Amino acid sequence: MISIKNLHKSFGELEVLKGIDLDVEKGQTIVVIGPSGSGKTTFLRCLNILEKPSDGTVEIGGLVADFSKPMSKKQIMAFRKQSAMVFQHYNLFPHMTALDNILEGPVTVQKKDKAQAKEKALALLDKVGLSDKADSYPHQLSGGQQQRVGIARALALEPKVMLFDEPTSALDPELVGEVLQVMKDLTQEGMTMVVVTHEMRFAKGAADEVLFMDSGRIVERGTPDEVFNRPQEERTKRFLNLIQDTDTI
Amino acid sequence: MYLNSIFSNPERLERLGDIAQSSFLPLIEAAVQFTLPLSVISFILGLFLAVVTALARISTVRVLQWIARVYVSIIRGTPLLVQLFILFYGLPTVGVTIDPFPAAVIGFSLNVGAYASEVIRAAILSIPKGQWEAADTIGMSYSQTLRRVILPQASRVSVPPLSNTFISLVKDTSLAALILVTEMFRVAQQIAATNYEFLLLYGQAALIYWIICFLLSLVQGRLENRFDRYVSR
Amino acid sequence: GSSDNADNTESGSSTEGETDLLAEIQEEGTLVIGTEGTYPPFTFHDDSGELTGFDVEIAREVADRLGVEAEFLETQWDAMFAGLDAERFDMVANQVGINEERQESYDFSDPYITSTAVLVVAEGNEEIQSFDDLEGKLSAQSLTSNYAEMATSYGAELEGVEGFNQAIELLVSGRVDATVNDNLTVLDFQNQRPDAGIKVVDESGDAAQSALLFRKGNDTFVEAANEALAGMIEDGTYEEISNKWFGENVLE
Amino acid sequence: MYLNSIFSNPERLERLGDIAQSSFLPLIEAAVQFTLPLSVISFILGLFLAVVTALARISTVRVLQWIARVYVSIIRGTPLLVQLFILFYGLPTVGVTIDPFPAAVIGFSLNVGAYASEVIRAAILSIPKGQWEAADTIGMSYSQTLRRVILPQASRVSVPPLSNTFISLVKDTSLAALILVTEMFRVAQQIAATNYEFLLLYGQAALIYWIICFLLSLVQGRLENRFDRYVSR
Amino acid sequence: MISIKNLHKSFGELEVLKGIDLDVEKGQTIVVIGPSGSGKTTFLRCLNILEKPSDGTVEIGGLVADFSKPMSKKQIMAFRKQSAMVFQHYNLFPHMTALDNILEGPVTVQKKDKAQAKEKALALLDKVGLSDKADSYPHQLSGGQQQRVGIARALALEPKVMLFDEPTSALDPELVGEVLQVMKDLTQEGMTMVVVTHEMRFAKGAADEVLFMDSGRIVERGTPDEVFNRPQEERTKRFLNLIQDTDTI
């Protein structure tokens, strides 16, 4: 489903991604972990071309983007359709209700029939457990609810791949679970997902593979069990010590 | 001194009352016929211009940026009176003659356009980057993003400073007299010129301006409330 | 402030006209006249809001005699000249005093009014009885007018103002001692505001003349206007208008 | 037409050149002697007034709130020209006579005070509540918090809108002519009144205003940079 | 050191604290946990009188405040000096360097000798591991560093009690440890502390007592072991399930 070769990204002088290679099968869930500034967000954004990679190729769902060549706006748009992004801070449109947020993509952009799109949007709201919140504005929703609307908005685009950038790290501790539950449901339905998160319970329970990124490279990869319990690299061990419930302090 | 003489002099008091009464209608008439339409039309046109200018300023095209910059700098850096003067008395010397009312509308719109563009630019820049990205992600084009995501939110932030711009505009329309538009302040001057009660007539005009501005502040409050529907406090 | 009159020079000879403005006006059927509209009794709005006054009626009569409609456009002093330059008006009728500086830039018709200068002070002021008492006093004058020169010649300090209205405000608010101005203007003010607290203490023998103002280079038009003026003086129309506004003939 | 006639007429062209040259010095003189000091003094006094007014508006004392509200409403709702008129020609009728320059300073300061108070109020309100609380926690009094924590930060946010206020003020000082202050625009009028080249003289004045405003924008940039020392972009 | 009796706080109609009673010995560290909106922050703020309690008495370090009676500004100031607060979002003064932030309390407020205060401030910076950052502005520091400056600023006031309101919840996962370490050091030095946090590793490693708050009341209390491993109340169990690394999803 996803095939990434030699992906590079620089901001001016600063090389943030130093050659990423990755293949993801349809239906797989990949969890990406790593210290702040290691390039996790940049990596995800490159897959959705929110940042234009400097070099490399990415294939998603059969469509290939070669970033060593210039791309037209149209090509970018087409490629971007393959995936949908869920943001750390939800980024819902505050002036639209939950329903309108979800409809914006299908109706305004994809010009789908409004009645049908609405039916589908309501089904999505139901799926994320918010059928009663269709007419609420984002500010009337809790963080967890907003993030679930964010997931529904992404799903409404019918992407082949879902990208999550720390979807729960802005949430109060007791609201994290509800969002992770929705994500786990998606995994089980066979959605292909790339998830940046430090939530161990999600990684352990849902990831097919865990990548540890550092300084723009994938330093270690393997099953959750391999990476969390038997890390090979010093850097991985150090990082896991910092974020895990161990007795470093 | 003078005021004493007014109150110790019932005749004069009566005269002032009469003048105030009889001049109120013509003032209101002028306000309704010229001051208000001139303000409203110029404001609306100026807003369009302001949005375009703001977009030019934040665009990545250097030429557009510079055109916008120069326009804003010239308009904000020079007195409105001189701008109107040049527009109305200067342009005919190069063969362009515009009628008073349209010339006033052009002059004031250009003015509003420059001032409001800064407000709108700031408002657009205040919208979190995440909103642009969310719009990108769902596949919106630049113009769709602007129309459906950015400008509606920027409007909310812009209401108070734009109402300032409008308030200034309403009062600035008094300069239209210079280019032959008989707006309210001109009428006050006309009336005062015959009875020499400038203080009284100017005071009356000020009162009407104040009422307009007050009504405007009510509208502003309404608009803010409407927008607040989707903004938490 | 348009009451500044000047010495009695003949209107200067003009440069050659390119297009014949007179023909244009007659073809259009309207004579566009610039005026202040805030300067009674010469050009102002009456109680019903209509523009009227001595200059307005004279100008209207001129238009009549040229066989065209008079159209008045009102604006302030500076814009009146700019408007004439920009061809927004064909002529200005606003009690514009004839003086050399103006003649450098504009043409005048034959004078149609002569006025004298009066010295105005606040009511309680007993110090200033005549022009001679102006020595060392503060007088409010439009700096470009001949009245300014006159006040200076009597030794007065000047406070520059934009017009008669402002001069009166200054006088009434006690910020200046005196002002020298057109007798007709002062008369109108006193009629309007008998209790304003000012009085006329002296009148000068020197007379000043005002006339219609034109862009340079329209000699035929100026001549036609002069003919019209001469015509109305001859057949008594002028006297009628003059009497209506001043109760006397103010031509000389 | 007219312009043609200028260029086809070397005499006239020369005359315009001469006038422009000879009038430049008096204009600059007036700008330096009156326009600038009037602007600067009024702005500084106005800022003090604005801070006080802003504090009154956000205070919990109802009376203070209302005084501030009424003051701002009246000043913003009525034309500056009328305010100056009343201040200079109206007050003497109740026995208060103020000299031209001080009267102008008072008028313009009151004006700046009202407009800038809204800017400063917004700036103060934009400082996160956490800053007040942190100051509380370390035991600061209200006035210490204001002086050391809130106002320094509010200044940063206020620079661009306050520079707008200043730009408007510089141009508004032309109204001081009404109350006998011979500022630059008045000088332009005086010169034009003798040679009737209003367009030329007003254009020259506009140029000088523009230069002042341009210099101001440089100062603004500097100030912003200085404040940015402690603000991440 | 702290003795709280019948502490009440209402915002208008809403009663947020419904009678809190608590005694803390000198040198004890109390950890407060509980769902969002349960009143944890309000409770801390009442101890520093950032919110004026509606009723009850609080004694800190021998000074008693009786909130059933009006208090003068002076009384509030005096009482507030007993404790110092560390905020979730650090609330450093952005226009002052780290050192100036710390000096502000001793010098501007307490009018201490500047040279001496500076010496002490530098010692505090050293203590929180930031001796090289004295002249940095907050925006030049990472979140963890800013929070450590926040702690130093509070310590500079020489309070008898330190109050922490979720001091690490705004931090990137790998920066949490450095702040917790500083806090643990404080515990070991015998500082009396009340800490709102959901960091299990701190609670387990440093707390003498854990309080579980819900709806404005202390619902359960005990040693970390008791509360986390053998909670008695249904509400406590539900909450712990939500925030802990269990297999709810």
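Going by the order they are written in, the chains are A, B, C, D and E; count residues from 1 in each one.
Here is the rule we go by: a residue touches a chain if its C-beta (ideal position, glycine included) is under 8 Å from a C-beta of that chain, and two chains touch if they have at least 3 such contacts.
Model, not experiment: these values are computed from the prediction.
Colleague: What chains touch chain B and also chain E?
Modeller: A, D
Colleague: With one step meaning two chains touch, work out the least steps from chain C to chain E.
Modeller: When the steps are counted carefully, the minimum from chain C to chain E is 2.
Colleague: Through how few touching steps can chain A be joined to chain C?
Modeller: Contact-graph shortest path, chain A to chain C, evaluates to 2.
Colleague: Using C-alpha centres only, name the chain that sits farthest from chain B.
Modeller: E
Colleague: Chain pair with the most contact pairs?
Modeller: B-D
Colleague: So what's the Cα centroid distance for chain D and chain E, whole Å?
Modeller: Roughly 47 Å, centre to centre.
Colleague: How far is the middle of chain B from the middle of chain C, if each middle is the mean of its Cα atoms, in Å?
Modeller: 35
Colleague: For chain B and chain D, let me know how many angstrom lie between their CA-based centres, rounded off.
Modeller: 18
Colleague: Send over the residues of chain B in touch with two or more other chains.
Modeller: Counting only residues that touch two or more other chains, chain B contributes 1-2, 85, 89-90, 92-93, 198.
Colleague: Show the residues in chain E shared as contacts by 2 or more other chains, in ascending order.
Modeller: none
Colleague: Residues of chain C touching 2+ other chains?
Modeller: If we look for residues of chain C contacting two or more partner chains, we find 79, 82, 85-87, 169, 172-174.
Colleague: Which chains touch, pair by pair?
Modeller: The set of touching chain pairs is A-B, A-E, B-C, B-D, C-D, D-E.
Colleague: Give every residue of chain C touching chain D within the complex, in rising order.
Modeller: The contact residues of chain C facing chain D are 18, 77-79, 81-82, 85-87, 101-102, 104-106, 142-144, 159-162, 166, 169-170, 172-175.
Colleague: Considering only the defined contacts, which chain B positions touch chain C in the complex?
Modeller: Within the complex, chain B contacts chain C at residues 1-2, 5, 9, 11-12, 22, 26, 85, 88-93, 97, 177-180, 182, 186, 189-198.
Colleague: Give every residue of chain C touching chain B within the complex, in rising order.
Modeller: Per the touch definition, chain C meets chain B at residues 37-40, 44-47, 49, 73-76, 79, 82-83, 85-88, 165, 168-169, 172-174, 189, 192-193, 195-197.
Colleague: Write out the stretch or stretches of chain E touching chain D in their complex.
Modeller: 48, 50, 77, 80-81, 84-85, 87, 89, 91-96, 104-105, 108-110, 137-140, 153-154, 157
Colleague: Which residues of chain D touch chain B in the complex?
Modeller: 1-3, 6, 73-74, 76-83, 85-86, 89-90, 92-95, 115, 118, 122, 160-161, 164, 167-168, 171, 174, 185, 198-199, 202-203, 205-207, 209-210, 212-214, 217
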